[in-house]
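Let me begin by presenting the structure, written as structure tokens, before commenting on it.
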């Protein structure tokens, strides 16, 4: 496998030290928490001068983007403090979408143009206003128009940002019923009447009117040219 | 807080390069998954030669215990392969792949983009429920697009996570792929003059080019709007 | 990777009147069984005697049938195809046309065996690569850096599809019916026909082979009905040709050489 499977005896002092430094680097890099000397020593062979090796390693990384730091009597690699401005440890961490949001998004993707009442009908539960807002804020869902039915409910659809995020060229790339079944996502024991809609692309559907000026509000940016 | 909050203008070329290398080290070190050039570039300032910097960094870490490796078009620090015997951790939480799942994964890796019908043709059996699901769940396999044939079947391919897990820089590093290709064994077609007992609907259509050697690199072109 | 057992599965004889399914669990389908058989020939796949292999496979199926064991349809379809291949190899030009396709069919089977074996080897090599989380380790204590400019939320296409599928399935009324495999669906029959006649442009007396290798009488009826209906459908779609020399004579089918483009 490697030169290091030979016994360290065959190495001269310099080579042996380098080999041990490499092992320390790998151990410290892969460790989830800072390591004590006692934890590292078994990997280095008998009589390894662990403290000296750690001091050498610390010296080598002193001016790098990553430093070897001491935490109590334990050691760890940490990104250099002066580069801390890069590590924006604020709330911008990405979080996974909630199940409700994922489901709503999926229904909008497949069933668009779809009204809120229709989404609720498929899901069987009321959809919180917050869920749709969240999906619109994420830039994945937009208001498309209004259904030409009593009450003229707003219809929802997906955005170019949605296609972009999920790596789709077009809505027609969404897998159909056979593909979902083939991938094991849908069971094969669905009733014969089970159907999946073909998502309509961003052009307005027959029974759909464009949004009027009053609808747009601050959502203008979302409504790409149909 | 630090010298590096001053504008880079005040640095000479060598200092600027070192500063950028430090930033790259910090970014790559801190990340759990491989990073793309596009993700790193904004931290390096305008016109930074990211590829050159990465090449330099890779060179510096070449003989260390931690190496900079390429995974597709992404980069990550990983412990050196030759230290594997020392660092080896047993898979505790993950169940070993079943033979069927492993074979399916290999077929997807070597034949991609590949449809489910083609996978089944190679294996000679129907793909069990949940095999593709499991591979997608593991983050190794993804739906890539659709084949431009009647029925537009979904094609499957591997992910960056696959490359990362198996330590491959690119798909061309798959073991033995050149020999297999040379022997015509990555073709879904027989050598000229022969025909395959494929189910009729998965036989390549006349208007589609056979999958050939040049395919592995730029298969993304597949997903062009048909 | 678990190697398939090399020894034959020799099940105990079932009691009188009892029907038992053979546990072919150690084989991943008929192609795998063939590959295993070919290994017993102890020759390079390129020098393999396809005729001998076909005979061994058919012999195996016979043994299973003598023991009154039921085999999955896949194995029987392969048996039917191999029986046909054998007839073409032993009596060249015996069928109703003059194409020398016995050799072609043999070459095609050989190709499929070689390709499957190649993928087996590839899978074994793949799984033995140094793997992340075992031999190669990533950063143990990643520090959250907001690297990407993409937004607050993260979800993959797989997550999305899974959510949709689960969601839709939840809405489906569940009436559990145990699957009784006594009927060949039209889709099954269609798959079987297309696999059987494959790329061959020869006339294949399909039912003759199906009859011989489908053991249970009640399955024979549904098989005949379904394959007949499916063959009519395939003919209507212009994918195959059908011919029958005499009334009640065997029905021959073959692949249409240039299929009509699908409307």
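Think of it as A, B and C in the order they're written, each chain with its own count starting at 1.
The rule is short, and it goes like this: a residue touches a chain if its C-beta (ideal position, glycine included) is under 8 Å from a C-beta of that chain, and two chains touch if they have at least 3 such contacts.
In this text the structure is predicted, and so the values were computed from the model without any measurement.
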Let me check something: if the centre of a chain is the mean of its CA atoms, which chain is farthest from chain A? C
Distance-to-centre winner among chains (Cα means, whole assembly as reference): B
Applying the contact rule given earlier, which two chains have the most C-beta pairs between them? B-C
Using Cα averages as centroids, what's the distance between chain A and chain B in whole Å? 17
Euclidean distance of C-alpha centroids - chain A vs chain C, Å: 38
Between chain B and chain C, the Cα-mean centres are separated in Å by 30
Chain C: which residues touch two or more other chains? 137-139, 143-145, 148, 157, 161
Quick check: what residues of chain B touch more than one other chain, meaning two or more? 27, 29-30, 43, 77, 79, 81, 84-85, 87, 136, 142-143
Seen from chain A, its contact residues with chain B in the complex are 1-5, 21-27, 29-30, 43, 63-66, 77, 79-87, 167, 169-170, 172-173, 175, 179, 182-185, 187-188
Contact footprint of chain A on chain C as seen in their complex: 137-141, 143-146, 148, 150-157, 159-173, 177
Using the touch definition up top, name the residues of chain B that touch chain C in the complex. 27, 29-33, 35, 39-40, 42-43, 76-79, 81, 84-85, 87-91, 94, 97, 99-100, 102-103, 105-107, 109-110, 121-126, 136-137, 142-143, 150, 164-168, 174-176, 180, 183, 185, 190-191, 193-201, 203
Which chain C residues qualify as touching chain B in the complex? 1-2, 28-32, 74, 81, 104, 107-108, 111-112, 114-116, 118-123, 125-127, 129-139, 142-145, 147-149, 157-158, 161, 191, 194-201, 234, 239-240, 255, 259, 262
